[in-house]
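Let me give you the structure first, and then I'll get to my questions.
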Amino acid sequence: MTRQDFTPNEMMTIAASRALTSEDVCFVGIGAPSAACNVARLTHAPDITLIYESGTIGTAPDVLPLSIGDGELCETALTTVSVPEMFRYWLQGGRVSIGFLGAAQLDRFGNINTTVVGDYDKPKVRLPGGGGAPEIATSSGQVYITMAQSKRGMVEKIDFYTSFGHGDGGNHRQRLGIDTKGPTLLITDLAIWQPDPETKEFTVVSLHPGVTREQVQETCGWTVKFADRLEETPPPTPLELSTLRDLKARTERAHKGAEAPGARKGSKDG
Amino acid sequence: MTRQDFTPNEMMTIAASRALTSEDVCFVGIGAPSAACNVARLTHAPDITLIYESGTIGTAPDVLPLSIGDGELCETALTTVSVPEMFRYWLQGGRVSIGFLGAAQLDRFGNINTTVVGDYDKPKVRLPGGGGAPEIATSSGQVYITMAQSKRGMVEKIDFYTSFGHGDGGNHRQRLGIDTKGPTLLITDLAIWQPDPETKEFTVVSLHPGVTREQVQETCGWTVKFADRLEETPPPTPLELSTLRDLKARTERAHKGAEAPGARKGSKDG
Amino acid sequence: MARMMPLDEAVRQNLRPGDTAAFEGFTHLIPTAAAHEAIRQKIGNLTLIRMTPDVVYDQMIGMGLVKKLVFSYAGNPGVGLLRRMRDAVENGWPQAVEVEEHSHAAMANAYEAGAAGLPCAIFRGYRGAELARVNPNIKSVTCPFTGEQLAAVPAIRPDVTFIHAQKADRKGNVLVEGIIGIQKEAALAARRTVVTVEEIVDDFSNAHPNLCILPHWTIDAISLVPGGAHPSYAHGYYARDNAAYLEWDEVSADRERFQAWMEENVLNAAPQDFANRVEKLRTAQ
Amino acid sequence: MARMMPLDEAVRQNLRPGDTAAFEGFTHLIPTAAAHEAIRQKIGNLTLIRMTPDVVYDQMIGMGLVKKLVFSYAGNPGVGLLRRMRDAVENGWPQAVEVEEHSHAAMANAYEAGAAGLPCAIFRGYRGAELARVNPNIKSVTCPFTGEQLAAVPAIRPDVTFIHAQKADRKGNVLVEGIIGIQKEAALAARRTVVTVEEIVDDFSNAHPNLCILPHWTIDAISLVPGGAHPSYAHGYYARDNAAYLEWDEVSADRERFQAWMEENVLNAAPQDFANRVEKLRTAQ
């Protein structure tokens, strides 16, 4: 295994960006999904429609937003609607092809927890909560998930079902009357996963360059299934990598902002 | 009885305009209500808020609109919202103090028919229908009605309950769970009527100058009740009359429009 | 994905016999040119939906293309009744028209529910009103928190909606301004949407961020038809032809005069005639 | 009827101990100055409602003014968790906070229902989501036409809503632009509404007809507080102070540092300090 000239996080973002097309209408979660969507827009999917839940439709930000409602999103959007309209006409109306989510805790069926660690009434860690995710997960045509692997994040059983993926697997979505596809893709810093057509359990279909099966298993809380034909994710192209790095650099400069007293450097996907 | 220098229709419009104040938020029906509301605005109630169901809030038209959605209404409005918003946030939201309606058929309890003459399924005359009226009648704080008297219009029993006034009278509104006041004022070309506090039957409280009780009864399809203390409506002031006539003249000029072939003169309250 | 095409093609591709169709516009921006094209193509057996059916629906009814009408106020605005519709409802000429009648509040909520992907809308309406007796599509729902009975109506989901708008940009995004009415909801509620526009511009990059814009991927076809809303109006382009509405009251009073008028002004006319009709009504821009 | 008054008076007249209050703003136009004034006046026992409680609610919780929080996403946007809220929920410091938790879709619909005068909202939501198990205010309604089960939540009706807006005119009409979020609904849903603004202008006569404007008769008090949304932003006036959000993550990590910061920046500060805080963030207008 040779030394890579890109980080696992960069590979994750770029692999995720490749799953998007110019025809997609993508409801963008903040953090890693936002980076992936904008790399897609700046490379192979220039006509992709990016929607942020703050109401901005068809945004083309020059820097990544720190929050879901940065001014940049509105200034570059085709139009900006109210939040009730966003959730009623655009998400619930069935106009979103891809809901792109991150996760604090994820299970093998694509169920996501961003609510609490521990018991709901006496939480060990009170997380921010679901925000738009519960309905993004069921109203989008399909759901892509992206997160860095860790045993704390990818768990056998999530503490709280913030948003529903494939439930207990199989046809659990249909049994609840949910007619959208749910999670169809998981992109981590190590691999690309797709749900098994029958069981809906996430299965590794492609390892990122230089990644071993053991590394994937060591950073995952459940026993990992690998596809019979395991691909290797093509490494980032120079264009993809420079696009992502330029975007991150512009973002970092912008978020330093006005150098207010005590300002920390950089941002953090939240 | 001396000859008047104003018409009964002018007296009606001016008497109706006097019932409005600068504090009112008035949902304006087209025709006679529209004229009354704008005379009020141009005389003693300059700060009245006029709302037309096309979505225009706070309009101040220079000429009377022919339709409920003339460009003049939007151009002079504080803001113009969508029709769903108009009916949800503004009317149903309880923000309208006065709903101002006309009527094709009216009964003594302020119930209005603008739907059909005759049987609903086999109508003798198919009228335009309710439009906004069914909910204006129940969501506005109170309802003012204005119409020219006739036995065909003011009837013992209306053919269809397009919008609910006081139903069978008494506390019928409360029994249906309607917590607004309903019709509190009827202004005709001959008189001012208010509902009896108990029975809710419209009772003549003021005769317009020169009008007799007999004239009121002859043009009304039910046996008219008169208040014990019957007032005389003050005649139009010169300012009221000139304001109304100027408005009508401006309106007539404007509605002749571009002199398209076959254009008729003048407009008609519809 | 919006495609630009001539109006005859847009109508042919998107309106089929038997369709449920909405030609929406609340006094402003009524898609007259599209309705006239549908009449020329003799696409019939239609269920027409509109809050305020006026002259164009009167024309479609009079030409025998309409099976059913869903509406909340059917009048010639500010003028009076719709005489062709009356003739159809009262006398069955040229054919009987079934009627599903609502209040404005109900239809506005029903379009909103259609745009929002819901099966029904709830609202505080129809209290004491008799339409609830004659229209089986008016039901009720009980609020699970307060016990209040609210009116419920099914969402409106037309097969196709036609609207007229001021502008499209080159990508096919559409801008509606002024009295925006129910157009956004009617467009989003439909399976297919066709828009006629006054003008095609390069882009909307200088537009205020909160205007009523329909993204190109919500629209199927766009046709450039200047004047296409006549005799209604297009805010910023031309004024309402009030005289034409008054004239219609006379034209429509008589079956033969109606047919002659339609022959001359619709059947033997074309979309490009609309530009002339608004020439004298154009406002300073 | 909107009255112009200093912010301390507007807060004193409209926010009472024990009130249910919404200080709304979806990342943009967060009414920080109003919240700080409430903290200075030590108005406590509050039920706070907001879709996206962030730094200001963290501050109010940390100061012990909050009994209950109704929300759908409680985070320092783009930075991480709310440490004062965590301390209250996890450790009861300085006092326990009751939580009523929803999704964004639920709260957006609930505000919308509040503005529309309805007792509840229905939407297609919470399917398979566990919040429906822990929140008794999530119920369901059956569509009387299709039989579909839809989620139902009670309408939000705050005693008082505070928002920050770009402009008021001299009559007290208020203009909100850019990311308009949930402000119109939050204002219309409330019994009382207080607005802080960047600027007071003569009138809005040149504004586009379809902008988000609240008429003066929907508002109780207006206070001129330039910079009053800092560290959030006001579209057209100044940019978001991302650095301040990052800084908050450190300030709020420690109880004593938090208290010292509040002492200096809130308790011993005044509404007019906000103008200075945004000076370096001002954008070309």
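Per-chain numbering from 1; labels A, B, C and D assigned in written order.
FYI, a residue touches a chain if its C-beta (ideal position, glycine included) is under 8 Å from a C-beta of that chain, and two chains touch if they have at least 3 such contacts.
Just so it is clear, the model here is predicted, and its values are computed rather than measured.
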Exercise. Listed by label, which chains are in contact with subunit B and with subunit C?
Worked result: D
Exercise. When the centre of a chain is set as the mean of its C-alpha atoms, what distance in Å lies between subunit A and subunit C?
Worked result: 41
Seminar exercise, completed: Between subunit A and subunit B, the Cα-mean centres are separated in Å by 57
Problem set entry | Shared-contact residues (touching 2 or more other chains) in subunit A | 74, 80-81, 88, 92, 139
For this session: Could you check subunit D for residues that touch two or more other chains and list them?
Result: 112, 116-118, 123-124, 148, 178, 180, 184-185, 209-212, 235
Exercise. Taking all chains into account, which pairs touch?
Worked result: A-C, A-D, B-C, B-D, C-D
Exercise. Given the complex with subunit D, which residues does subunit C contribute to the contact?
Worked result: 116-120, 122-124, 137, 139-146, 148, 150, 152, 154, 177-178, 180, 208-212, 235
Seminar exercise, completed: Residue positions on subunit B within touch of subunit C in the complex are 30-31, 53-56, 65-71, 73-75, 80-84, 86-88, 91-92, 115, 120-121, 123-135, 137-139, 160-164, 167, 172-173, 176-178, 254-264, 267-270
Problem set entry | Residues of subunit C touching subunit A in the complex | 1, 112, 115-118, 173, 184-185, 188, 204, 209-213, 215, 217-218
For this session: Provide the residue numbers of subunit C that touch subunit B in the complex, in ascending order.
Result: 26-28, 51-52, 71-82, 85-86, 89-90, 101, 103-105, 108-109, 111-112, 123-131, 134, 148-149, 178-182, 184-185, 212, 233, 235, 239-247, 249-251, 280-281
For this session: In the complex, go through subunit A and note every residue touching subunit C.
Result: 23, 25, 49, 57-58, 74-75, 77-81, 88-89, 92-95, 139
